[in-house]
Amino acid sequence: MYFASDNSGPVHPQVLAALTEANDGYAMAYGADALMEEVRQRIRDIFEAPDAAVYLVATGTAANSLALATLMQPWQTVFCSPVAHIHEDECNAPEFFTGGSKLTLVPGSDKMSPKALQAAIAKEENRGVHGPQRGPVSITQVTERGSVYSLAELRALSSVARERGLPVHLDGARFANAQAALNCSAAEMTWKSGVDAVSFGGTKNGLMGVEAVIFFDPGKAWEFELRRKRGAHLFSKHRYLSAQMAAYLRDDLWLTSARAANANCARLAAGLRAAGADFLHSPDANMIFAAFPRAAHRRLRDAGAMYHIWDGGVIEGDDPDEMIAARLVCDWSISGDQIDRFLALIRG
Amino acid sequence: MYFASDNSGPVHPQVLAALTEANDGYAMAYGADALMEEVRQRIRDIFEAPDAAVYLVATGTAANSLALATLMQPWQTVFCSPVAHIHEDECNAPEFFTGGSKLTLVPGSDKMSPKALQAAIAKEENRGVHGPQRGPVSITQVTERGSVYSLAELRALSSVARERGLPVHLDGARFANAQAALNCSAAEMTWKSGVDAVSFGGTKNGLMGVEAVIFFDPGKAWEFELRRKRGAHLFSKHRYLSAQMAAYLRDDLWLTSARAANANCARLAAGLRAAGADFLHSPDANMIFAAFPRAAHRRLRDAGAMYHIWDGGVIEGDDPDEMIAARLVCDWSISGDQIDRFLALIRG
Amino acid sequence: MYFASDNSGPVHPQVLAALTEANDGYAMAYGADALMEEVRQRIRDIFEAPDAAVYLVATGTAANSLALATLMQPWQTVFCSPVAHIHEDECNAPEFFTGGSKLTLVPGSDKMSPKALQAAIAKEENRGVHGPQRGPVSITQVTERGSVYSLAELRALSSVARERGLPVHLDGARFANAQAALNCSAAEMTWKSGVDAVSFGGTKNGLMGVEAVIFFDPGKAWEFELRRKRGAHLFSKHRYLSAQMAAYLRDDLWLTSARAANANCARLAAGLRAAGADFLHSPDANMIFAAFPRAAHRRLRDAGAMYHIWDGGVIEGDDPDEMIAARLVCDWSISGDQIDRFLALIRG
Amino acid sequence: MYFASDNSGPVHPQVLAALTEANDGYAMAYGADALMEEVRQRIRDIFEAPDAAVYLVATGTAANSLALATLMQPWQTVFCSPVAHIHEDECNAPEFFTGGSKLTLVPGSDKMSPKALQAAIAKEENRGVHGPQRGPVSITQVTERGSVYSLAELRALSSVARERGLPVHLDGARFANAQAALNCSAAEMTWKSGVDAVSFGGTKNGLMGVEAVIFFDPGKAWEFELRRKRGAHLFSKHRYLSAQMAAYLRDDLWLTSARAANANCARLAAGLRAAGADFLHSPDANMIFAAFPRAAHRRLRDAGAMYHIWDGGVIEGDDPDEMIAARLVCDWSISGDQIDRFLALIRG
């Protein structure tokens, strides 16, 4: 019963098989391998973007930081959610890779609202040389709290950005889960909704450590290559990144895996709801923030269930009925059995 | 007949097997996996350094840049060979990760001499606040031109550094090949010779992409962890780095592989010498810089041999006897057959 | 009737005289001038800090950015007011000079409360390597909205910082006005209240462009000197900075000038209050944020009065009674006559 | 007898008078003062560049670092003399302001030769993403050793840069002395010779601390303004920079002062030559590198003459006839009497 993180699950067997298959003889280093060409074409097809610049890096922080750096200048500020991963969980990596820029937190909670975004951007108007200059809007999809922006919501946010001439970045660490949730195309969730650059995650969805960065403006390509190399994120034996991503994209493995995770998460959410849990956020994809009684937590903990207690909730305490919040994540490999067992324990 | 780079060879089967074995169920993310504990202990044993701080990253540039950044301040300068990888081949990554430091090229060619190093350091004396401040000495072992510093040479360089209170970094992208060549212990080639921090390479010697960074002063550990995270080089699914490195260290695979590469390289060098080739540098490990006639190059090229023509040598030309320089690298997987075939073609 | 900024007023005649006096023959460059020795000793006396490190720079942004950089690491975050100058008005200079750090805005408005500061700091606890690490607390005294922290308030804030081992920086662009308002000693307002480093402003109070940076821990001295030089803020003809600061400190010119500004501001505030103005913030020193009717604004504007309309207030409009906010700053040179004339126009 | 540095001399009386004159009432802050408009127009006239972007900063290091940063990217390298001020004397400020770029030292000594420059640039060709990318060429005029590039030499260097599409920066800390030496126009020494951006020094030639930065491409203006502010080099009371530069440019004070310095230097050089001194470099402007006997050094030192012993020469020693090198700088204020007295002491 492992619901602590989708960073803890195993790699999909098809990905391991692809690594083994790729491990034959010599291959060109530094991204000139043949598999990368397959990846590039496949992503362009999936995104209906025949000119897109496509690159691989090994961590989500690298994808986000390098993508943002390529979209902005050091004297600008990124507009993002106050709980964005780039703000809370990357130890100032975006500030480092952008050369000392700032992040402006759009007031609100998890999801940004177009109105709050507009106000945050407007606040930096007419500041001349004194204030930070306005830079990209970064949207996290799936959000940090497990919600998914609808296409209409994405378009509303990117419209606000585009009115001011600001580029839009999508942090898609859980891109596949979001697309599966929306049942839309990759193009609809990105450039057709006003997105300029995407961190297209694979690690949380069955890869060892590969994320693609996609720019719909191919003019960004060379700068990104230089930034990636200078950031020490260009792999010499690049074929092993390519092989993972190629396997991920073949036969829609990425979507199949995400759909499985989402479906299991929905099953878990339904069971929690039936058991009387409260939901802190809308569980739209593969992540749930729910509160249930301390007594249930104790049963789960004693049975070895793994998940994060949220927002300072403490399991130790007197009142067995007190509601305590938890974060539950379903990765691609979670089984229905584990969920059933978890729900049985919740029900007591 | 692939002699172009040890970045192009395959991964050792034992490493692939270890990845498969590690791919079971859930594991703690971000370096808290059990395999990392094995790696840490094994490296401490190998280096006879029970307190050493040990970390994994995925590229050699990350290892070098993060290690140097941890050893210095942005207003300092690194003393290194004019052909050091950190100077010539990392697109300013060391300058980026150190926050804008400088590299001072010690006059000479591939290997630094203690005398030239001493003079370069002395030149920055008495500069007060105006000049760059003196920072680490970075030594590349195996050098960029395939030579190996003897232990006496290493000690002479580090003595120069230590007299001035400067730390010593060892760029060991080909650490195993150097150690195999010297037939010494890891401790002798590092801290017993005055080295403070090591980039301990694995990628060029049979891994997919893993390098260890080792500090003999454990006081550097936390800063390095923060720098690694901020540099976007902390892997969430870290177990797959650990698994590679663990397999590399088990049963001396790292040394066995390096010895194979060195032995094949020696065989190649002997054949070249017998065929009348000139050597630009002493071929001490798994890399040869040699010149042989244009006619031989043509035969090799026509037969599909892969290697880099060096220093602007041009194969096209009239004189079949003109000597043209080449870089030939033997990776762990090169076979004796390939070498024999190559030598037969050289001989014509 | 110039109330737009204390950056717009003239230099005090005694300062100009001191520049003329200093302009005699040759002097040691780069801070080794004799006048700097006078400045250093005088500041140590004033602050009752015989070991303090004392440096001069020419802009407030340099003073703040270099002081903060010396107190922190790039992976840390500064805790400050959401309207702090370092956040709103320095075009990411603190982020630049600190090498890519972050600023955490303590929720609230102008003045930070100890409770909100404590909560902001606590939020970054137990984040391991993922979140920004906790760095200095920066307090602005006089605040950006013209208020002055009492000594008890300063001590309460610094206690919160010190409990966590965090250093405290005081942005004293209007240090003299604050000290005059509190009628305390410089030591009381700084190290006796838990402050580690001070930006001691002179520019807004009668100098051309000189600010002192003071560290009570002399161990910061050499790093600051290197940071200042690397930041291009070390003046070759440094004696002209020294001469200004020396004149400022002689015969308490700094306090006399600040007291004059504060007294004129108090007179202006009293007149505004009598005329029915609303106050947005407590006008404790030489800056007022007040709202008065549009009709009064029009009379003032037509008579040539200069000041900033605040927070988007628009003078153009129909209702002559609508209250519109303004920022009014009294510099050291403002005359009682100007204030009387201004108040007469307010009254209509 | 002060020949140690042109950073140690006084400010010209006309400059002090201009500061006094500017010190009247209120003026717009941050560069919007009326005097800056005069400066801008005057520089455009002098340089015959009606569209040039013109800014003021207070130190030469700021002028150079900000100008270079505006001309390049962090992954590029600056080509410069191995003794360039930006390399030897700015404590890594260019690396800092450019965000971590590199400086490539063109082999040779003080003056760069077009051939060596071409070779240094060619060396970075075909490096793909691995090497530093090629960035600006920075030329120091007057050189660090007191020589002046002829217009033909400047054009030859800039041609090499322009063939590769690289911008050209002129470090003109002693611009006036160079122009006086060449007896040419400012336009001839800059854009007509292929220069894109100029650090136009004033500090060493009679100002307190003001340098202009000039871009002939006005498209660089806004970025430079942001970089200047972010670098903490935008003065609030900017009128006092403007007043100095305005006085410097009025009635050719800048050229008159430089001609005086050069003429006195020529007189000094002639006397040294007559006395049998050796010259290490051609003394083309206001700086001499000459060697004369230890006995003469002792007489000068005992009489209180101030200058730098060069290249490790030691006055203490046995042989009174040994030649010892010195750097002698004539600033605008040096008197003929001092020179005569110096020469009398040399002659013994």
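Order of writing sets the chain letters: A, B, C and D. Residues in each chain are counted from 1.
Here is the rule we use: a residue touches a chain if its C-beta (ideal position, glycine included) is under 8 Å from a C-beta of that chain, and two chains touch if they have at least 3 such contacts.
If you want to know which protein each chain is, UniProt gives these names: A, B, C, D = Beta-eliminating lyase-related protein.
The structure displayed is predicted, hence computed values, not measured ones.
The most distant chain from subunit B is C, comparing centres defined as mean Cα coordinates.
Remark: among chain pairs A-B and B-C, A-B carries the greater number of C-beta contacts. If you average the Cα atoms of subunit A and of subunit B, the two centres end up 34 Å apart.
The mean-CA centres of subunit B and subunit C are about 51 angstrom from one another, to the nearest whole unit. Among the residues of subunit C, those in touch with two or more other chains are 30, 74-75, 90-92, 96, 99-100, 129-130, 133, 226, 229-230, 234.
Residues 30, 73-75, 99-100, 129-130, 133, 223, 225-230, 234 of subunit D touch subunit A in their complex.
Of all residues in subunit C, only 74-77, 88-92, 95-96, 98-103, 105, 129-133 touch subunit A in the complex they form. Residues of subunit A that touch subunit B in their complex: 2, 4-5, 7-11, 13, 16, 19-20, 23-30, 57-62, 65-66, 90-93, 96-97, 203-204, 208-209, 226, 229-237, 240, 306.
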